[in-house]
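Here it is, the structure, as C-alpha cells.
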C-alpha cells in the first residue's frame, strides 16, 4: 500500500510512517510530473505468505541482490533503482490489486515477479492493459500463447514445455513405458502435453494417465492403478505440496523399487521440506542449481555475491528467477538509457545476457527467455557433500529454440 | 348450540414410537372459554401444537369453520383466524413493544413488499395501539420488549395474538410464573376477551380454571378422559383418580 | 478392470476413511454435546501433527510423539474451551463458530512463526516402513498400522461412551442437554472433557497422518472441509454417523479415483449435497437437532 | 445480535435516529471521500466492492439472522458471468453487469431453496458445502472459467453509455463509476430495510417461531431475503470483475465467505453502516499489518477473536451503543 520499501525483515515503523506521509503527499498531488533523474522503481509482487513463502523470500533476496549490484555500479544513467516488494498472498485478486497500486500510486516503471500461473496471468492482464513492462518469473505455457500475449511482458522463467522436453530427453528412451500422474489444472495439463510430445518423439510408450484433483492431500487411491500399469517411469506432473505428497506416498507404496520417478520440476525447498529419503533418486528439471558454479563462471559470480549478501546461504531455483528477471530488465534499461517503455522493450528483445546460468536471450515472437534447462537427480543422504548439496546435475540441456514451441504454433507471427 | 367453530375428530400424534396424543375428538363452539387440563406429560402441549398448526396430526381430521385443515401450513392458521400464545414467553425481544404488535398486525397487510416505506402503513400503528390498550400496555409502547416485567411480557404476548383479531385464541398457560396480583389482572383480561371470541387455554391453576371456564377437557396419557362443565369435571371419578394418584398438588 | 484392483481400491478407501473418521469423530462429539461447530478443528489437526513431530524429534521416537501429542493437544483444547468458548455458551450458536474460525487463522499463523511456512519432513517410523503383500496387492505397512490404531481408538471411545459414567452423561447430554441439569451433573466439567476429547482425537489424526502427508501449516485446511462433509453426511452429533460416513466418503473417493480420478474431490461434496437433499439431518442425525 | 437502526426509531436515541434517517446520503458522502482517505484507489475500490458484499451479506446475516457460509458463490458467480459475457461474447459492459447480477441472484435462489429447509448450524454447513461444489465446478469447467488460472481477457478500458465515454483505466474515474453502482445498491438495501418486508425479516431474526405464528411464511421470506442478499453480492462480484479485469478462482472458495463474515461482524452485523466500516477496517488492517510482517493473519485472527468475545456488536454497533449509553 504505502510507498515504503519492504525488505526481507519487513519495514520498520519509521518506514511506514514515512510511507504514510509520502502516500499523503502523493494523493495530494497525483498530477505532478516526475523529473528526470528520479529513482527507477521496480514493483515486485511475490507470495510472502502462503505455501510458497520460502521461495518468495528467496526471490526477494535475489532480486534485491540484482538491484544492489546495479546501484553499486552507479545505477542506470545516473538513476538509482528501487525494488518495491509487495505480498500478493499467492492470490490472483490480491496480486492484481497490488499491481494496480504499484502502477497507479507508486508509478513503477516495470513489474517483475509472481509465483504461480494464476497470479502471473493476473499481473500480466493488469500490466498489459496499462502498457507497463512485466518480467514474469513463474512457469506457464499459457502466458506464451497468443490469447494472453502482451508485448510488454517477458518470460524469464522456463515454461512447462521446455522443462518437460529437457527432462524427457534425458530419461525417456526407445520403448520406455511411461505412466503419468497429473494434477488436473492448466499447469498439470501443460506438463503432460509436453511429456506426451517428447514421448512420441523419443519412441517411448505411454501406458496410462491419471488426473488427480488439484491440491489433493492423499494419493494412495491412485497408487494401485499406477502400479498395475507396470511402467518403467512414473511421471508426476504437479507442483509444490502436491508433488511432495505424491512422491512421498509413491515411495510409501514401494513404487520406487519398480520404476523411476520423474518430475518436471525439482524444487530446492520441497526437497528440503520432504527430506532426502523420499526424494532419493527422483529426477527432474530446474532452471538453476547452485552446483552449476563448477561449470559456469556466471553462476559462480552469482553464488558468491548471494553468499556475501546472505550469510553464506546459496540461491535456490525459484529464487534465482528473482535475480535473472530483475537483472535482465535492468540490463535492458541500461541499454535503453532509461525507462522509456518502447526503448526498453526493444532493448530486451535484442538483449543477450549471461548473468547466472550461461547465455540467455528473449525470443522475439513470444518474449520467452531461451535458456538452458538443468536435469537433476536427488542425492542419497550419504552422498550429500554439504547441507545444501541436494542434487546431482544429470545433464544441462543447452539454450536452444528447438525445445520451445514454434511461434506459429503459439499463434504468433515469427 | 350453534355450529362448531373448530371440530377435531380422532386426532393423534406420534413421535417415532411414542404416542403423545391419541383419538381425541372434540368440538368448540363460539364465544366460550374451554380449559385443557391434565398432569404433566398428558399431551396438553402436543394438543395445542396440533390445534395451532405447529405439528400436523398423525391421524384424524381438524375442521375450522367447516374447512378441513389437513395440509395447511402453520403460518396460514393466523390468517384463518387461529392465534396463540406460548407457555414460555415468546416475543420479539429486541423490538419495541409497539413494534412487536405492529409487525404482528402487518402479517395481514403486507408480507413481501420491499418498495413501500413501512412507516406509511399508519393503520398498523392504530391497530397496534388498540391491541396494546386492550391488554393495558399503552404506556410501555416505546420500551424494548426484553426489558418489560414478566407479567407485562405475558400481556404483550396476548396483544400480539390479539392484533390478528382471531376467532379462536389459544392461550398456553397465560399466567405461568405470575404472582397473585399479575394473575388477577390476567384473569380479568381473559374474561374481557372471552366476550368476543372463543378461547382455549391450558392452565395448572385449578381455582382460576374453575372460575373462568365454561368447559373443561382433561387429558391423560394423550387421551381425552373427561369433557364437561366445571361441576361435572370436579365430580368425575376418573379425573379424581388421575389427579389424586399423581399427588402433585394440582387438584 | 480386474477384481484385485477393485478390492485394493476398496481397501485404500477404507484406509483413507480411517483418518477422516478420527477428525470427524472429534468434530461430531463436540457438536453433539456442546452444540459448537469447531472451525479450528482442521488447524488443531495440523497442530497435533506438529506437536507429534516436535515430541518425536525431542525423544527420537515416533511412539512418544504418537502418545504424548494427542494428550497435550487435548489439554490445549480444554484450555481453549475454558478461556475462549465458555464465555459464549449463553450467546447465539453462531458465536463459537465465528470464534473458532478466527482461532484457526491464529493457530496456522502461530505454527508458521514457530516452525516456518515450509513443510517439515516427517519420515515413516522405520519399524513400520515398507510394504506388505495383502494377496490382492501391496500396501504400505504404515497405513495398515493407521487402520489398526483407528479401529482400536474407536473401540476405546465406544467402551468409554457405553461403559463409563462419563459416557452415560455424554450420551444423555447429546440427546437432551436439559437432562444434565436435572441430574445435577457438573456440566461445565463434562463439556471441558468432551472438548478436550474431541480435540485430542483430531490431534491423534494429525499425528497419524503426518508420516503419510508430511507436515505443513496448511495441512488442516482441506481436512476441515473433508471432516465437515463427513459429519454432515453422517449427521452432526452422531458418532456412528461419523464412522459410517467416514468410510463411505473414503470409499467413494477411492472408487472415483478408479473411474474418474479428477473428480475425486468433487464427489465428496456432491455426495454431501445429495444426502442433504434427501435427508437434511444426515444419515444418522436426529431431525430435532437441525 | 445488534439492533437495527430502524427498530430504535421510537427510542430516545437522537443521534442514531438522525443517522438512520439520512443513512444513504451519509454513506455516499463517506464513499466519495474514501479514495482520499485510503492509501490507494485500488484499495478504495476493494473496500467498495467488499463493503458491498458485506452489505448484501448483512441483509441475510445481520437482519434475517441466517449465518450463511456460502456467499462467495454469489460474489464469484457475478464476477465470472460478467467476465465471460464480456470476454467471450463481447456483450456490452452494462449488459454483462446485468447478466452477472441475474446469474448470481438465480444461483442464490437455487442454493437458498436447497438450504433454507435446514436450520441453525446445518444451514451454515449446507451453504458452505454447496458453495464449495460451485468452486469445484468452476475449477473443472476450465474452458469457460480458466480453471485455476482464473478468468482473463475481458479488460474494459473504457466505458461507453449513451454517448458518454469514461476512461476506465484512470483509477479515480474507475472508482467513482463503481461507486455509483455501489451507491445505487446501498439505496436499494436501505429501501428494503425501510419497507414492510424489512420488518418481517427482523421479526424472523428476533423470533422465528413467533413470526410463523403471526402468520408469516418464514421459509418463503427467508428465501426472498437470501435471494436479495445474493443479488447484492453478485453485483459486488460484477464490479470486482470490472475493477480487476480478472476473476481469480479463490473468489469462490469458502475462505472468501469467511472473509465476508469477518468483515460484517467486525463492522457490526445488523447495522446499516457496519458492513462498510468492517470492510474498511479489515482491508486496511490487512494492508497495514502485512507491511509490517508476513504474519498478518495472526493479528487479523486475534482481533477477530477479541471482537467475538468482547465486542460482538462490531465497531459500528459498539460505537452507537457507547454513544447511546452516555
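Note that the chains are named A, B, C and D in the order they appear, and that numbering of residues resets to 1 at the start of each chain.
In this section, a residue touches a chain if its C-beta (ideal position, glycine included) is under 8 Å from a C-beta of that chain, and two chains touch if they have at least 3 such contacts.
The chain lineup, named per UniProt: A = Branched-chain amino acid transport system substrate-binding protein; B = Branched-chain amino acid transport system ATP-binding protein; C, D = Branched-chain amino acid transport system permease protein.
From a predicted model like this one, the values you see are computed outputs, not experimental measurements.
Participant: Tell me the fewest steps from subunit C to subunit D, where a step is a jump to a chain it touches.
Facilitator: Tracing touching chains, the least step count from subunit C to subunit D comes to 1.
Participant: Based on the averaged CA atom positions, which chain is farthest from subunit C?
Facilitator: B
Participant: State, to the nearest whole Å, the distance from the C-alpha centre of subunit A to the C-alpha centre of subunit B.
Facilitator: Between these chains, centre-to-centre, one finds 73 Å.
Participant: Take the average of all CA coordinates in subunit A, do the same for subunit C, and state the distance between these two points in whole angstrom.
Facilitator: Their C-alpha centroids are separated by 37 Å.
Participant: How many angstrom lie between the CA centroids of subunit B and subunit C, rounded to a whole number?
Facilitator: 47
Participant: Can you list the residues of subunit C that touch 2 or more other chains?
Facilitator: Those would be 112, 262-263, 265-266.
Participant: By residue number and range, which residues of subunit D touch two or more other chains?
Facilitator: Where subunit D meets two or more other chains at a single residue, that happens at 1, 140, 295, 297.
Participant: Could you list the positions in subunit B whose residues touch two or more of the other chains?
Facilitator: none
Participant: Select the category (line, ring, star, complete, other) that matches the graph of chains linked by touching.
Facilitator: Drawn as a graph, the chains match no named shape, so other.
Participant: What are all the chain pairs that meet the touch criterion?
Facilitator: A-C, A-D, B-D, C-D
Participant: Can you check the complex and tell me which residues of subunit A touch subunit D?
Facilitator: Listed in rising order, the residues of subunit A that touch subunit D are 1-2, 4, 6, 10-11, 13, 16, 19-20, 23, 27, 30, 48-49, 53, 87, 89, 91-93, 96-98, 100-101, 104-105, 117-118, 121-122, 124-126, 128-130, 140, 142, 147-148, 184-187, 214.
Participant: Which positions of subunit B touch subunit D when the two form their complex?
Facilitator: By the definition above, subunit B touches subunit D via 52, 54, 73-79, 83-84, 86, 90-96, 98-99, 102-104, 106-119, 121, 141-142, 144, 160-161, 164.
Participant: Mind pulling up the subunit A residues that touch subunit C in the complex?
Facilitator: For subunit A paired with subunit C, touching residues are 49-51, 53-54, 184, 210-213, 215-218, 220-225, 227-228, 241, 244-245, 248-249, 252-254, 269-270, 272-275, 277-278.
Participant: Could you list, by residue number, the parts of subunit D that touch subunit C in their complex?
Facilitator: Interface residues on the subunit D side: 1, 67, 114, 117-122, 124-126, 128-130, 132-133, 136-137, 140, 254, 258, 261-262, 265, 295, 297-298, 300-302, 304-305, 308-309, 312.
Participant: Quick one: which bits of subunit C touch subunit D in the complex? Just the residue numbers, please.
Facilitator: That would be residues 31, 35, 37, 84, 87-88, 91-95, 97-99, 101-106, 108-110, 112-113, 225, 228-229, 232, 236, 262-263, 265-266, 269-270, 272-273, 276-277, 280-281, 290 of subunit C.
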